[in-house]
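For reference, the structures are reproduced in the following blocks.
In the two complexes below, chain A is the common chain; its partner is chain B in one and chain C in the other.
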Partner chain A sequence: MTATLAKGINAFKEVMDAPIASFFSSCVHCGLCAEACLFYTESGDARFTPIHKIEPLRRIWQQEYTLLGKLGSMVGFGKEVTDAELAEWESLVYDSCTMCGRCAMVCPVGNDLTYMIRKMREGMVAAGHAPEGLVTATQRAISSGSPAGVKWVTVQAQIRRLEKQHGYTVPVDQVDVDYLVLMSSWEILNFPEYLGAVGRILNQAGKTWTLASDAYEATNSGIQIGSSDLARELVSRIVSAAERLKARCVISPECGHAYTAIRWDGPNLMGRPFGFEVKHILEVLDNLRRAGKLKLKNQKSLTQPLTYHDPCQISRRGGVYEQPRTLLNACASDFREMADTGVMNWCCGGGGGVSANERAEPLRMNVFKKKKSQIEALGVKTLVTACANCRVVMEEALEHYGMDVEMLGLTEVVADQLEEN
Partner chain B sequence: MNSLDLLTFARGTALNAALAVCAFGILLRLFEIFGLGRKADLSPARPTTPGSGWRTMYARSIPPPGMVRRDPVTYIAGYVFHIGLFITILLFAPHIELIREVTSLGWPSLPSALVDALAVASIIALLVLLAHRFSNPVKRLLTTGGDYLAWVLTLLPLLTGYLAYHHLLFEYTFMLALHILSVELLLMLLPFTKLFHVVSVFISRWYNGDISGRKGVAS
Partner chain C sequence: MKTAHPFTSEPGTVGEGLAQRGVSRRNFLKYCSTLASLLALPAGMAPVLAAAIATARRQSVIWLSFQECTGCTESITRSHSPTLENLIFDLISLDYHHTLQAASAEAAEQAREQAMHDNVGKYLLIVDGSIPLGNPGYSTIAGISNHAMLLDSARGAAVIVAVGTCATYGGIPKADPNPTGAVSVSDIVKDKPIINIPGCPPIPVVMTGVLAHFLTFGKIPELDGLGRPKVFYGETIHDRCYRRPFYDQGKFAQSFDDEAARRGWCLFKLGCKGPVTYNACATTKWNDGTSFPIQSGHGCIGCSEPNFWDAGGFYQALSMPITPVQGTLAAAAAAGAAAGVAVTWHNRSKKSAARAAHQKMTVDDLKREEQ
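The block that comes next holds the complex of A and B.
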């Protein structure tokens, strides 16, 4: 499918709905969304004002869906959206927005700017103005099943290593199980300890679980690039596997946008509710704890001062912000909160496909100054999170700034706190 | 046409026309919004949630922690302007008298001297916000002709009301007619400018709160 301006404009029209129209109607140009956006606060560049990033979409709305705008276009007012303009907007829409949603929490008139950016990206990708890095990642995800090109043999190799290390069998393609476990590319490539930890926890809790050989990857580049068609294709692989294996719950891994993709967007992409539950791993862990199935040592394993970085899609856009705190307090004796935290956290700078977009790297490193100052204010040397993408982005940035801070995934922290059998 | 004729026109024909245009405009704009529809969300909402559309509708009037410090001018001048304007419109004795005449509903007023001071505060806040629009790079980038139009439309009723109350500039009857006509101009253009946020803010806030609330977040 070739991308053209006409297709882009069509896609802009297709995504228009009552919420978008109310948001554009309400904007009073106060500029407060900029003050909530780390791309603006860390650079002072006014072009990074969230509502400005959606300007072409606003003009389509005004010209096509308001009487005054239509009349204006007829008599020659109203600047048309051009290919050159979208090309110019590409970096604003993809490089300087992680869809973290912080602006949506502060806008005085209640505009959900993330919702708008997500819609804007549908038109951008249809018009052929998505960044190359994301396009390549999405193509790889469609053709090989993973944006990083991770193949099942890679997962198999990881399984064999884990089986040797932990002495249990990793179930593959088991039918009628409590949980279908998914991973993100990063967890397969960089953090095999995640799968090891999930296995130890679920086994100890007496739960049945499995991996699916045809749906092991939860990362959804379709959501990040803004293509519902591609996002649907990726989600449908997980849905088919979950249904084929009769899994009662699908566990979204430590990955923010994967959770958004399958938990919140999934049923809407598929056009039907799922017959199984979708939970983030932290929700599963906290449910097990509440049911008394998570047997943790009383002696807390982590005694050093540490803090927790809320992945935007898990907390602000996902509603999982209490569970990590309860879990972390059960494992750590000196857990310190950052100044802006929970649903008002600051993004790592690499969400929403920004980390897959090489062109955005200098921007991403610059905006990390916010997280850097938050960490330094607490004086901690350990940073826990629950998103492998946040973790990779922050590990790179910590290295870049020469900061001596260790990163941990919360699931492995919990696994290390388990009572020995 | 003398001043009294103008006042009679302002109070009669012009008022009816302005109210009709305003009502038609609001209905049209609401139709433009809701006519676009919204797909049902098929993802299961969280069973318990601290947030909802209704909550966000009023909760969003309070700035989130840390935000006032980031942009004190917009927040403080914004509050002073809105509070001053609401009180001037709704708690000034002659305005309540007018509402009582039309609807036979009435309520107690605030002392006129106090309302006068708040109207002046509103005007000053508008001037501060205009200066901020010129000086703040974000606002400068976002600003269009519509922002200046909305600013003038809002200032005129406050200013003419102040001048009429203090019997300044023109003879009282003429000033009062100008005041009423400026309000009518505001009413007629409200649905077609950013001033429509007076109505749409409740819709956009509701959607925002609904989108977050179903995920278990109070936005």
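The block that comes next holds the complex of A and C.
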């Protein structure tokens, strides 16, 4: 068993569907997507034009699925897609696309380029043209349960520390609960305060919740690398845990693509609707607030000027952009919006698997110039977000550029605003 | 109206003419401001226009009417007194216009020859109506065929202005089967600048506006590919139509007396040709800015576009085929549909084959052998 060009080409043919065909046939070659892509705006390199990143897929579509293309191929017209070409495209498809979807917002014919990149990656990974970093992360995710190699014992150690700090018991493998709480590796390793915050909020709201010892990891490397088979394997772990524990709702953590993977791709990968709800933590918090279950202090705990970075998969691709603003305004007295914000935000530069791909680091640092200028224009020293991956990527970049900006996760901000019991 | 100048047709200045007519400077400046905005010129250009027009020698104009219905002349004179459009006639010296001039017969023809002689290379030649090439006898003036008169008059003209769809594109006389072999001015005259002002008829202020532009700047305005001044023909009726929001929302009248029509929804499905018609009707409007066809409930018929008479029924939506679908066309459509079915079947089987060839991916399949 190994990756081959033949497998890749077969995968390209297999992923071709009605949306892809209509996207390719309606593209008017206007190039507007380039201006929406931060890899293009920050480099001026035309190779980073989003639609160009899927050129091999377009050629397969044209040669295999259009009448003129078929006729052309018969008489020897039409350049075949080769291994060398896919090798050249690897960095365009994986390093310079965070699947942020900003290009899809400006496309005048409504082409969902993120969907196309996602399909393109199916063929790339089958042909063995996925970046080393993502391959390793995916292997670890399948074998050990987490792309960063975090094992359950690590989570247990975190649980013990939190229990000591907050004085409550973290429920594990409880059956018949309101919420099954998931985390991303980043939250387990770098931001344990997330779990602490979720526990405090859910306990105060009087909700039952649990962690699952066999499904604590929400991220999905299969989605990032572009393998539906592996993505299905990872999602099914969460689905079977949620069903076994009879959880009524699964909470996706502060992680962008995890939300996409469980909520949007999940049911399609499993081929059936879930018997439970999937919500992002910000949706859960805002629902609790609206139901009057979130008791917040009137005195706002954050008084410094601050801004909110919209994680692409949560705001643009997920539709959760009003909730963070309502929540943040309840906790902060000087919330300032960036110029491009909400569904038109600019990506941190590390989404869609780019942060797991060490080779892409120089590119990632370069495109952060966009976010840097946005932050500097506001003159704030505090940046709140709701995605641990955005947070890690931006903390590294802030360090790289020597910027004195503090980062906060929105869930902890809300937890710190809770009324003392 | 102007009569022939018996001794000379060297005209006086416009300012003198206006003063004689008792037009105040204030009124004249007001007219120039309107004109400037009409021509999309900056407001500061109004005094420049005024100065240029007031001191200009009155421009000698010869107006020829060929195969036409006099609607264009009706239109340009239809601006009611004392609106300022009327004054445009005092800015020019209309030396020949066989409908409007008092002189007749020999005296009339003499006026044309005199004006051509006195102002050779300088006069403005306005033409309405198409020119029959089928038989010279189809349309003559004083025994001279339209073709011969056009060639003769064009020779000494500074600029030719073709007004109306007949003169610009052949118009209704040229409509299928074109019994007279009608052609447009630009089909015949190739060596003179020609401004096309199409419309059946053209909007009065568009005609006068173009003349004023020429008078002021001494050159022709910027034209599009069909020889039309961009300032008036730069956008489609549809793009400037006040009913456009209904089109964008997909709200269409289905018949002229349904509820949607009463609510003023878009007339696209009732055959409105606004989307393919370049003209200023939706902005300058007609009858002193009162209304235009779409505003009164009827679709645009596209009268200012070439071959509008043969471009399908006036009540047929633009999306419908112009000629009945039959014979070869029907066969071609059937063949196309069959080809579509065949390609779809082929594509489906190709995709199924790819799906069947799919081997479930495991983590061991992520790398290539040689790595």
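Here is the rule we use: the second predicted complex is superposed on the first by the 420 of 421 C-alpha atoms of A that agree within 3 Å, B and C clash if a C-alpha of one lies under 4 Å from a C-alpha of the other, contacts with A are read in each partner's own complex, and residues count from 1 in each chain.
In this text, a contact is a pair of C-beta atoms (placed from the backbone, for glycine too) under 8 Å apart; a residue touches a chain by one contact, two chains touch by 3 or more.
Just so it is clear, the structure is predicted and the values come from calculations on it, not from any experiment.
Superimposing the complexes on chain A yields a three-chain arrangement in which chain B and chain C clash. In the superposition on chain A, A:P273 contacts chain B only, with no contact to chain C.
Of the two partner chains placed around the shared chain by superposition, neither chain B nor chain C is touched by A:N345. In the superposition on chain A, A:L67 contacts both chain B and chain C.
Counted by residues of chain A touched, the larger count belongs to B, out of chain B and chain C. In the superposition on chain A, contact of A:T4 is made with chain C only, not with chain B. By the touch criterion defined above, A:Q374 lies against neither chain B nor chain C after alignment on the C-alpha atoms of chain A.
When both complexes are overlaid on chain A, the residue A:G128 reaches chain C alone and has no touch with chain B. In the overlay built on the shared chain, the residue A:E14 is in contact with chain C alone; chain B does not reach it. Once the two complexes are laid over each other on the shared chain, residue contacts for A:S227 go to chain C alone; chain B is not touched. Of 4-12, 94-102, 130-138 or 148-156, the segment of chain B running into chain C after the two structures are fitted on chain A is 94-102. Judged by the document's definition of touching, chain A residues 16, 65-67 lie at the interface with chain B and also at the interface with chain C. Partner chain A is touched in their complex by these residues of chain B: 28-29, 32-39, 41-44, 46, 49, 56-57, 60-61, 63-67, 70-71, 74, 78, 136-144, 147, 150, 192, 194, 196-197, 200-201, 203-209, 211-212, 215-219. Across the complex, chain B is touched by residues 16-23, 25-32, 34-36, 40-41, 44, 46-47, 49, 51-52, 65-68, 104-112, 115, 263-268, 270-273, 277, 315-321, 339-340, 343-344 of chain A. Residues 339, 343, 346-347, 350-351, 353-355, 357-369, 371 of chain C touch chain A in their complex. Listed in rising order, the residues of chain A touching chain C in the complex are 1-4, 7, 10-11, 13-14, 16, 64-67, 70, 125-126, 128, 130, 135, 138-139, 142-143, 225, 227, 229-230.
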